[in-house]
Each structure stands twice: as C-alpha cells, then as structure tokens.
C-alpha cells in the first residue's frame, strides 16, 4: 500500500515536471499566441481582453503558469483559441473515444496474443511456431500508418465498412441495438489496424515467456505426475509466465497511445489524436498542453495498474 | 591546498598507516534510512620493506578495504598513510600520479580482472601507455620482455584472457603490475582459485621477482597454510581492526588474540583432514 | 554458422535497398519534378512481352498511351507503335549526392511513350521516380535523426553513469519525463511549438533535430546501465591504479562495451524515425511540396477518390514496409549474434 502511495506521489511529481517543461518550451517558440488570438475572428475583443487578463497572456512565464494551474483547479484546464471554449469541455469526450478505441484494441490484441503465444511456445521449433514467427516478423515491419490506410482502402473498396468517423450521419434515429452495431462497424477498421500493429510484439513476448517457463523443472515434475497438457499449460505454466507480461502491458500503454493517434487521425475516429493534430497546426497552446498532460496521466495510470496487477497476481512480488 | 609534505625521518616501514578509518554509508532516499558500515576502525599498520607481509582474516573483516585504501583506490575518511616519506591519504589524482607506479595491485583471477577484449600484449602495456612512457615498437618489445620475465612465452601475446589458463592469467596480471617497477605489490587473494601446483609456481615466480627487484609484498589471503609457507610477517584483521601483528613464527606458534587462535584452530583441522585424505590415497 | 548467415543476408538486403535509393537518379527513369499534365493519375504502364498479333518478343515493350476522350483520368493503350524498353539509356541529367552528375538511367523508353512503373500522381509525375527520390529524403531523415538520438544518448548515458551523484540523478529524472510521454504525442507537441512555414532545408533539419532529440532517453538509460556495470570491474580499477584518466578509461574500456547495444538500438530506431517523418509529412507538419518524401507522397491518399481508385499511390507504403522489414531483420539477426556471442 505504501509502495503504491509512493508511486502515485512520484507520478504527480512527474506530471508537474511535464507541465513546467511544456510551458518553458512554449516560451522558447517563436510566434505569439497573443497575436494569433487577435487574428481569430471568432473571438470578440471583449473575450480577448478577458482571456488575456485571466490567463495572463502578456505577463511573464511564471504568471502564465500559475494562472493555468489555477484554471486547472477550477476545472477549466485553459482555453482553446480555435474552438473558443474552455479546454475541459473538449477533452473528456475525445478522451472517452480514444480510451474506447485503445481499450477495445488492447483486449482484442491480448485475447489473440495469449492463446497464439502459448500454442506457439508449446510447438516450439515446429512448423506452426516457425510460421507464427515469420508472420509476426512481417507484421512487425508494417507500421500502423500503413495498416490504417490499407484497411481503410479495403473498407472503401468493398463497401463493407464505413470509411471512417465514429457514427453514421443518421445515427440519432437508430435504436440502441442499431447504434451499437453502427458503432461496431465504425470501430472495425481502427481497432483492426491497432490490433495488427501490436499483435506481433505481444505474441513474441508471450511465446518467449512461456518457453522459459516450460523449461523449468516444476513443469516436468507436474507432467510426471500425470497432469494433462492443457491443464499444465493453462493453470501451471501460464500464471508463472504472467509476470513479465504484466510489466509489458504497463509499458505498452505509451506506445499504444502513439499508435492510436495515427490510426485515429487517418480513419477519422474523433479521439485525442485528431484534436492534437489540429491544435498543433493551429498552435492552440492550451489544448496541446492539456492533451500532453492527459496522455501522461494515462501512461502513469497504466504503469500503476500494472504494478497493482503484479502484486495481486504474483506471490513472489507480494513476498518482497 | 597542497598535501602536507612533512618529511619524516626514514622509518623502517615502507608503508605505514595511523588511525586509518573508512566508513560506507548506504542511503535509501525515500525511507530516509541509512546503513552505516565501519569497514576500517583506526587501523595502525606497517609494512616492512622487501618482505612479505600477510593480511589474514575472515570475509568482511576489512582486508580488501584496507588494501584499497593503501593503494589509494579509495579515500580514507580519517587517519594518515605514509609511503616513502610522503603522507598520501589526502592527495588528489594529480598528486598521486607520481606515486601510483610504485603501488600496484594484483587481483584474484575472476572474469573482471582482465579486460577480455584486449590481447595479452595490450594488457601488459596498458600501464606504460597510461603513464606515457613509451610508444609503438619499443612498447611491443617491452611487452615481450615482461612476458618472459613472468614465464609466459611471447607467442601468447596475441591471445585474449579467455584463451589463457588461470595460471597464465595471473602471470599476466603480475607482469602488468610490475611493468612500472613498483615498490609495493598488493596481492589481493591472487592465489585463490588456482590449483595447488599452479599456486606453487606462481609463488616461486613472486619470490624470484622479489629478489630481482627488491619488491615488497602485501599478501591478502584467507588461506592460512599458504601464509604459513610464504609470509615473513602476519597481521590478523577482525571487524575492521588489526588485532595482532608480528612475525609469522610468533603468530603461528603463540597467538595472543582469541580470534587468531580460532582461525589457527580451524586451519589445523583443515590441514589434518587434508593429510588424512592424501594418506588415504584420495587427492 | 547459421546465425551469422542470417545476419549477412539481412544486411545485404538492406544495403541493396539503400543503394537503390542512393542511386535514385540512376534507377529512376524520370526526374521527380517533371509534370505530365495530360497523364494525371495514370495507372502503371503495362509491360508486354506478346504483341497484339500474338508474337513473342524477348525485349519487353510498352504501347503509347492516350487519354480516353470524354473521360477524366482514364487512359487506353494505342496499339499503334511498339516502344521497346531499353536498358542503360540516356535521359535527364541528375547528380549523385551533389558530387558528380550523369544522365545514364537504368531503363527507359523512347519518347513520346512513357514508362510509369507505378503510375502517376495528380500532376502526372512518375511515382516510381518520386518514391525513389522521396526515399532519399525519408531514409536520410531517419538515419540522421537516429544518429542524433544515439550520440545524445551515448553522451548523457556515459556522463551520467560514470560520474554518478547529482548529475546522474537529474539525468535519470529527465529520462523518466521523456519516457512517460507517448512519443508521437511528444513529437506533435514539440512540433506544435515550432514555426509552421519554413524553407525546405530548415524543415528537414528541424525534422531531424526534433525527432532525434525526443529519442535520446532509452539509449541513454541502456548506455548508463552498461557504464555502471563496467565501471566496477577489476580491470577498470586496475587502470585507475596506473593513474589512467577518466577519458582514457571511457575510451579504452567502457566505450567498446556499448557498441553492441548502440547498433541494435540503431537498427530499431531508424525504421521508427522514418515512420515518424512519414507521419509528420503525411499530416502536413513535416516536409511539404515540392520536396518529395514518402509522407507527403502518401498524403494524396487522404482524398477519398484517390484512395478508392488509385491503388498505385500506395507505392510509398510498400517501400516503407520493405525498409522496415530490412531493418527489423538486421536488428533481430544482430541481437541473436550478440546473445550467442556472450554465452
């Protein structure tokens, strides 16, 4: 418990450091948000002056940072100049969409990788294993970018799936079941792209971990006791192999977020990715910072979750 | 801020320490715990010139730490180290440069003792390279000379440590150590892990080198039978202090301190077992 | 030895891809900027071995193409003239690495026929040539950025591991910060703060600099680990005993131990950085027209009609996959070599 508190505290420190660095870096950049705000026709001069006062945009860096922290505590997280809204009204929905996509992809990827990896390890050296290794080698070389565009192409050519977005144009009229199906159809391309991109690494790690465990004496002992192969693999070997996989899960959150950014932007899935891209192009400072902070929170949460799972799953860790 | 170059009257010891102390602190940041280990506690020690002084004691008694301080590979926290008339315990790297060639160490044969990527010739000439005494062909010639001095044939000069036997590696380590013509050679468990015949050969080599170059040896070992055969003086360490120090014959026949007695008693049992084993035809 | 053979094969494959890209001027039949407005979005030119009368020719040939009347982006072959494909032809001038120039091309057809191996884009520019030239930019960006990351990582890792203390502590905190962010988010954030519209040369250098500096953290940590473990070895302590300086120890004993790790990291980072450049350029945040890069070549696929009808515009993606595959195979084979060498 104390360990978790220490790690959370550490995470908070990291978040603060990241936010400070963001502000520092934004200060170095040429060009001013003030000017860009003035040029934006959507923002009236009164709002402009009010914003300037609230966020201290013409004040030194330290003041701006403190004002931003203040706005975070008020739940606003800064202001978007492009959308003319507080950042906190834009992020949650996008974050939800990104999480939905990445969660679905993670669950599906692990659901395929674990059986495939176990089976491949079990058949180590035979043609099934070699085929799996070759296939993962190939998949590994294809970047998510290519998967996304390629799948989109297939979807569009075969007219089987919609070409992007999260829901059909007339989705409001759908009943609950139809809405779910519609969502599923729109999820298909981005999720498949993410799954194909992350599958090879997961499969390889599961396989490697299982091979190591299957070599251990306690497995041969169990086999000698007459325990069946299936039970052996699933209840004896796999739990022992789970430790490095849980750590892998924690570390893969960051990579998954990067991948989903690309996939979202290409397939038009309205998540954090396209928003960050827009904000990067329109230099919408507070959105960029807000999304960076959010992604950091997700990554830290992922590693913390993995740590918790480790403690729960592995008695060797509990003993420490 | 120079060292105190107090020229003392030439004392009989080649190297002498007074009140030497060293402590290690292990910090654990978040929990604010500190474990303090007093490795050396006010050690007074003398090494007689051109003799073999042995330093014995159990693991953790501080032998290696003392050796590290004497060779100035570590910096002592308190106390003085007098070497050839200079007090070197507080010297910095710049000042130590002139003294380093005279204080060399030979380690135990272990995977980290010699750089496995370098050839034997390169290992031997490293000290000469570092001290920039020679270059190129004279360096190579010097390497061959040194190899012959320690009994290694020159055609081994291209081999890497992994391609040599344990005994050959120790000869290499000794060759490297005497390349700079040191006055004191510290042998930190250098003979451990070698089989008895190789040990005997290395001991003979060391004795030859001693008479040729007038070397002084500090032999750190846990092997009391070896110490009994070779050492002139014996110092016994226990828990960071030197509990007894004197001539070998005196220590072995009439030990004063409890700890020395228990060490010797254990050794006698071992020796008896060894004799019984060899008598029974099992060696 | 089997492992070594795999490494050699993978390396040869990778090197030949690079040679082809380096000699883009020679391998490509056309210059990347030449436009053929009459032949926008032309599909790949069909190469024949058998002509319309059913007779076989050893030398492959093409027919002239004409735009189909009353249609946009549709073309048909006119069976009038056979244009054989010649090898080692003289064509447009080009320079190799800006040093020497030539006009020799690997293959080509006589004018007015055109040989578009992978079709054309909306300006009628030959995609095959553009992919090769674009490869020069994209792969160079990846290689330079990797060099930057590795040099930075080596420097910081060595200093941090060797000297320890507060330098080490602060460096490791920085590593944590850089590793806690998803790399693409970090890349976009950094890119967001930098000016949008800059000259191509500046854009290239900026791209390399940005991509390179975000990736120093993992190599630095790996190098630091190696430095820490080598630092305590007896032969390093012995070196100190001879009075060796820090730089001597770093150069002689510690640096050689890092080469294996650095090479494996390089083989993994280069494809990742090429993808980073492609992604940025695809979204318009990297290199833009008229400089060809695989990213902005793929960007035309953002248009629906291009995505649906012009499958040949995927050519840069294929090139990207081939290069990635080459690097990953080399990384794998090298890693296996290292493992087997150390046991």
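A, B and C label the chains in the order they appear, each numbered from 1.
In this section, a contact is a pair of C-beta atoms (placed from the backbone, for glycine too) under 8 Å apart; a residue touches a chain by one contact, two chains touch by 3 or more.
These numbers come from a predicted model, not from an experiment.
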Checklist entry - Of the other chains, whose C-alpha centre is the longest way from the centre of chain C? => result B
Checklist entry - Looking at B-C and A-C, which one has the bigger number of contacting C-beta pairs? => result A-C
Checklist entry - Between chain B and chain C, what is the gap in Å from one C-alpha centre to the other? => result 55
Checklist entry - From the C-alpha centre of chain A to that of chain C, how far is it in Å? => result 26
Next on the checklist: Give the list of chain C residues in touch with chain B in this complex.
Outcome noted: 232-235, 237-245, 248, 252-253, 256
Next on the checklist: Taking the touch rule as given, give the residues of chain B at its contact with chain C in the complex, in rising order.
Outcome noted: 71, 73, 93, 96-97, 100-101, 103-105, 107, 110, 112-115, 117, 123, 126-127, 130-131, 176, 180
Next on the checklist: Per the contact definition, I'd like the list of chain C residues that touch chain A in the complex.
Outcome noted: 173, 176-177, 179-186, 188-196, 271, 275, 278-279, 282-285, 298, 301, 304, 307-308, 311, 314, 317, 320-321, 324-325, 327-329, 332
Item to check | For the chain A and chain C complex, residues of the former touching the latter | outcome: 14, 17-18, 21-22, 25-26, 28-31, 137-138, 140-143, 145-146, 149-150, 152-153, 156-157, 163, 254-259, 261-262, 265, 276-277, 279-281, 283, 288-289, 291-292, 295-296, 299-300
